[in-house]
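We just call them A, B, C, D and E in the order they show up, numbering each chain from 1.
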Amino acid sequence: AEPLKELGKGEGAVSIVAWAGYIERGETDKNYDWVTKFEADTGCKVTVKTAATSDEMVALMNEGGFDLVTASGDASLRLVAGKRVQPINTDLIPSWKTIDERLQNAAWHTQDGVHYGTPYVWGANVLMYNTDAFKDKAPDSWNVVFEEQTLPDGKSNSGRVQAYDGPIYIADAALYLMTHKPELGIKDPYELNEDQYKAALDLLRGQRKLVGRYWHDAMIQIDDFKNEGIVASGSWPFMVNLLTAEKAKIASTFPKEGITGWADTTMLHVDSEHPNCAYMWMEHSLSPKVQGDVSAWFGTVPSVPAACKGNELLTDSGCATNGYEHFDQIKFWKTPRAKCESQGECVPYHRWVSDYIGVIGGR
Amino acid sequence: MRSDRGHRAPLVLKIAAGAGLLFLHLPILLIFVYAFTTEEKSYQWPPPGFTTQWFAVTWNRPDVWQALGLSVQVATIATAIALLLGTLCAAAVSQTKFFGREAISLLVILPIALPGIITGIALRSAFSLFDIPFSVWTIILGHATFCVVVVYNNAVARFRRTSGSLIEASMDLGADGFQTFRHVVLPNIGTALLAGGMLAFALSFDEVIVTTFTGGQQSTLPIWMLEELIRPRQRPVTNVVAMVVVLVTFLPILAAYYLTRDGDQVAGSGK
Amino acid sequence: MTSAATTSILPRRGGFFGALSDAFWRRPKLLLFLMLTPPLLWLGIIYIGSLLALLLQSFFSVDEFSGLINYEFTLATYAELLRPANFDIILRTVIMAAAVTLFSAAIGFPIAYYAARYAKGKWKAIFYLGIMLPLWSSYLVKIYAWKLILAKEGILTWIFAKLHLLWLLDGILALPVIGGNSLSISYIGTFLVFVYIWLPYMILPTQAALERVPGNLLEASSDLGATPRQTFRTVLLPLALPGIIAGSIFTFSLTLGDYIIPQIIGSSRLFIGQAVYSQQGTAGNVPLAAAFSVVPIVIMAIYLWIAKRQGAFDAL
Amino acid sequence: MTAAVEFQNVSRHFGQVRAVDGVNLTIAPGEFFAMLGPSGSGKTTCLRLIAGFEQPTGGHIEIFGETAEGVPPYRRNVNTVFQDYALFPHLNILDNVAYGLMVKGVDKATRYREAEAALELVKLPGYGARRPGQLSGGQRQRVALARALVNKPRVLLLDEPLGALDLKLREQMQEELKSLQRALGITFVFVTHDQGEALSMADRVAVFNNGNIVQEGTPEEIYKQPKVRFVADFVGSSNVLAPDVMKRLGGEARWASLRPEAIRLKPTGEGVPAKVLQASFLGASNRLLVEAGGAKLHVMLPADQAVPAIGSDIALGWGLADAHYMDDAA
Amino acid sequence: MTAAVEFQNVSRHFGQVRAVDGVNLTIAPGEFFAMLGPSGSGKTTCLRLIAGFEQPTGGHIEIFGETAEGVPPYRRNVNTVFQDYALFPHLNILDNVAYGLMVKGVDKATRYREAEAALELVKLPGYGARRPGQLSGGQRQRVALARALVNKPRVLLLDEPLGALDLKLREQMQEELKSLQRALGITFVFVTHDQGEALSMADRVAVFNNGNIVQEGTPEEIYKQPKVRFVADFVGSSNVLAPDVMKRLGGEARWASLRPEAIRLKPTGEGVPAKVLQASFLGASNRLLVEAGGAKLHVMLPADQAVPAIGSDIALGWGLADAHYMDDAA
């Protein structure tokens, strides 16, 4: 489809597939609300469908019926390739110019110079841990979730750690191997040849013995940290924030091996029924207020640098805390493809999907 | 039953039966308990405090009412359809012999004998094949499909028990087909239909899986609960709703019991 | 009462209905046809049609990268089912369903037996309500109640701790395969919740079947010298079997297809229901989801065939 | 005079089963007509053909001269008393009885008045408020009768109406039915497989076998002059004797029936020699099982006559006319 | 000699209902003992007390001299033939018959051999492979018998075993049962509410009413010398006549019974004047309903005697000894 030429009147509604916590209307905490005012201003009623994994987002968009999706890098190009999203006309989004230069032409939403959406926010998969179990000393390595060991509280980590229930987590294992098994020659955790891939799977198989249940849903992970005795896991700042707000003995850290992360793009469905409202939302989503509020709520970094200053909720130190300066160290999610830049032939994503099911299943 | 008259149940049996009933009920009591907890984000044992505020909160939550409204609407219509289809099927099967009669009982049982997820994705893929948009009717379609069997089972059992000569007696006494249906058939299968209808309603009212696939973005009460339970805002609200549903349904269940007690079929067999 | 009417054939009742009634009487096939048309259209065309549409999808494949369906006939999707990871899922689910069914039958039987043969009057009503009420209480909320019971820091642990029996709980959790770090993430937990949720579906038909066993057969058995235990094994159980089979249709099939329970109480190892759900919803691989769903269809078809031969349909 | 019911070569086949097979039958108005026969012989099917629950697959049926084919049961002025009574369990007795009038649209006051009258006729006044379940078998049977009679049918069909009653009640109801029929003058068609009942109640009896009538006549004709062996065998407890036996007993070499009560004890040496095998006390009489001429015979002795010892040798005699020879060859 | 079954003042009350109330009873070994009585009179309960399905609430029961209380049915050497046969529907005929041996642990070969033999005894050889549902009522009854007999019980209890059979089959089974009992010498306790059956089969009969035995004796005693009105009324179809009627008929002013077959027609003017009300043909005889002395009487005429016209005046006579006077006052 051709991008919209000019902005028309709002259609009265817009529906968005989003990560939990990305689009808030003050229901959990009334200070965090960047929907109510938008609805009042534009007359576009916002409905949100939360998704827990990138695969789920792709499936929802394939099925249709939505206008926008906050797709991470491991979903965005698949959506483009599947022609589920349409190019956008950046002229209709006045705030486009305010976007962080590092993101303006990022590969996960730009193909052949054409933009397929507006950057939303980005962030890191931090290591969340229980401060009691670690005696207030932050673990400095991902080995606490990958290798069996006795934690500072004197008990084994077995059964007390979690891993993400999504195939993209294989990259976290690869990232860990980049430090601990340099001889494998992994350059990019999303581009693995057969040997590198096998090593990552082996690491994960070992991890299977430590993990009781994989985390799939942000809220359930929170529950597990509270009721199931989980003390360490890769996680999102979002959960860290919610748990600390509840005064749980929880903190997070950036381990030395580095970190994976996501940079999300608000993309427009090819058959969007409410394109005008969708454009209005994209513009709205780039306002420093929204960017700052989301970042404060979820623990992300805004895509609009202006949001780093003067946002009440995020505070002026928020961007730094959430990793503004670490942009280059974060290995952002992207879809593993057979043809890869670093070494030509790589293991494609569909194998990641089926093998990760196997790993969790005990294979 | 004659053999058991005057005989006491063996102690082991009593204990096993009692323990079984307890097993069925303790978790439900827990649901009740957590309708009164002061903690709202997640459950914790023992509950930190007691409050009745969640009843007021629930009352004032429009999303509860919306979901409830949709569920009642869906369950009512699905039950009505199931009553119609189930009765027709039962009447045809029990009043006449025809080729393929056996196949019909299989056909009716199939939607409940196959897991709900299969009914769900089958209907869903048919909807997408024919570009049928999700609506209340797509939910109803799914629910009515597996509800037919409970009505059918109750009605067939009653038809079997109701002597065929009653219908002949009525015709013999001068009543034509319609009069016979109104004055003899309907009153005789009435309580069975009521019991079957109640079960159908209950099945539909509590169905999650099929609804997930046929509901699109609409929230029936169970779908609302699922959302609430996974992404809790005020968890006890879910418990309040569940508890009220149990309490409100208590009377109809009891009524169904007394209505079908004389029959060979307790309301509920065949769910 | 004094004189008989003079005609032996009465005139037809007037109007449309009179004529229609006569027509139906003369052509019962027409009535039958009219009665069967709506249910057959609904179940035979819409429902079976949908199932076939689903089956058809299992012969397509999905594009690995974009996740879009490739509408060309292939058996590749079925081949995928046999991959170890997927085959594990099938095996795991079938074993679980069988275990849940057997156990439900075992603990459901005493309840059904007591309710059918000993409970009288008020107690009969209490048993009836006791079985029906759980059926009517929200499925989801019950599962969450169990999460709370089984969690590491949940009620069971609390009770075991109070009773100084934590060693026992730890012992159970240390069991290979079925144990785990906590009940709520072990097969034991998943199993318990399955049993709990489907138990009433087992009890009701069993009870109905037991109620239909004529009392004098039990007396006859005893009269012929069978001890109560022998009577139970050789008369009561065989005669209640159709009811148990009918119940097992539910417990087996519901376990085969459920994806909510193992997702909430489980160890992240998938069951068929979850595989179907995630292939369809999360991964968008409808062909594989369809192929997965053929598994329960085939299993239940065999099951129904056996049940039919055992006369279990009458006990449903 | 037109017949109440006339069957002209009527058949009713169910696939291979020839339930009724070419029956010709004429029932006169006001007659008490019994259909007698073993199980499965087609009696019920005949009744259902008259009532209109079955359609003949061949032949022609007339009811009071009017063609019956194609007329549904509810338009035939014929009523049935069902074997299991088929009372409507959801209606009380009065509503059961008033049912036929109700569906005809008779107003409430009238139909209840007539229903009460019918209940009085069957000696159940004041039972109207009860439910069928609260009545005994005999009472239910009478309600079923009242429910049929209130419609003033021209023919009343009764399918083994006394089958479920016990002996004492049955004898009582037999007498009541009989006098009711006499009083009302309605044509009764009565199905039974109890020969005693058929003989004692009916004006005329048709004996069925294999879907057909094998003999029709007054009870005495049927009992005393069975045309074929089947009838002799089935009606009463006749001794049916093969030609060779008859020959040995001094009669013609033909099939014959010899009623037990026609056989007398004779002084030894005078009649046919026989040996006593068994003796049963029947109250009003004693029944002997004896062996004579190589066959087993039943002999009925009046109660006042001494019973010979089992195993003893006796002599028997009977009148020439008592040995009734029959047609059939086989 | 010890009695096969002895009841000493045995009672079985169900709450208010006195199903059995102080019964004394002695059944001799090898006897064919019948319990006769109206519905609800306690016959079945007595049988169940013997079988052990019920426990007495009072009194004492002995079976072959051994105390029966507290002994469960499966440890009593007593077997029952149930009214509805109670065959196990899930077992074939052979397994049904072999059941008692199977639970006793008899090996397969032996028990099947004995079961076959029992089937032969009841004239059903080769039926072993069928299911109960594939047999007729009479055949099922015989299987039930074989199933009981294979255990060689010392007492066989039969609860209305012929109730569900039709007349013809019933008479045949009566004879078979009787000769089987003679051949085996087992004590039979037979419950029935059919007086004819009790009289023709039993060595001794106990007549039950209201949970108690009102008379016990041989069939002839019971039939000819009823002690009380109830027995006269219930057994056979006696004319039970009130004291005032007897007086008017020229007898003593006491309750009496007069059997219909004892009454003879007399030339007019000679005997008691009577008027014929109704006549029924019974085959072997004719039954008249007459009015005499202000009461209705049944008169049984032998088949060879002419039946007087209905409404005609006749005269009746009977022997002095035929009027049997009874004890009871009421």
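Definition applied: a contact is a pair of C-beta atoms (placed from the backbone, for glycine too) under 8 Å apart; a residue touches a chain by one contact, two chains touch by 3 or more.
No experiment lies behind these values; they were computed from the predicted model shown.
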item	value
By number of C-beta contact pairs, the top two chains	B-C
Chain whose Cα centroid lies at the greatest distance from that of subunit E	A
Whole-Å separation of chain centres (CA-atom averages), subunit B against subunit C	14
Subunit A and subunit C: spacing of chain centres that average the CA atoms, whole Å	39
Rounded Å distance between subunit B and subunit E, as computed from the means of their C-alpha atoms	53
Multi-partner residues of subunit C (each touching 2 or more other chains)	10, 21-22, 25, 148, 153-154, 216, 219, 280
For subunit B, residues that touch 2 or more chains besides their own	3, 43-44, 174, 176
Numbers and ranges of subunit A residues touching at least 2 other chains	63, 226-227
Subunit B - residues contacting subunit C, complex	1-4, 8-9, 13-14, 16-17, 20-21, 23-25, 27-28, 30-31, 34, 43-46, 81, 84-86, 88-89, 91-92, 96, 98, 104-119, 121-126, 129, 141, 144-145, 148-149, 153, 174, 176-178, 202, 206, 208-209, 222, 225-226, 229, 238-239, 241-242, 245-246, 249-250, 253-254, 257, 264-271
Residues on subunit E engaged by subunit D in the complex (per definition of touch)	38-39, 166-168, 171, 175, 178-179, 193-196, 199-201, 219-220, 223, 234-237, 259-262, 278, 280-285, 287, 289, 300, 302-304
Residue numbers on subunit D that touch subunit C, as the complex places them	63-66, 68, 70-78, 114, 117-118, 121, 149-150, 152-155, 184-186
Contact set on subunit C toward subunit B in their complex	10, 13, 17-18, 20-22, 24-25, 28, 31-32, 35-36, 38-40, 42-44, 46-51, 53-54, 57, 107-108, 110-111, 113-118, 125, 127-142, 144-149, 153-155, 158, 196, 199-201, 204-205, 207-208, 211-212, 215-216, 218-219, 249-250, 253-254, 256-260, 273, 276-277, 280, 286, 289-290, 293, 296-297, 300, 303-304, 308, 313, 315-316
Footprint of subunit B on subunit D - complex, ascending	51-53, 72-75, 78-80, 82, 84, 86-91, 99-100, 102-104, 147-148, 151
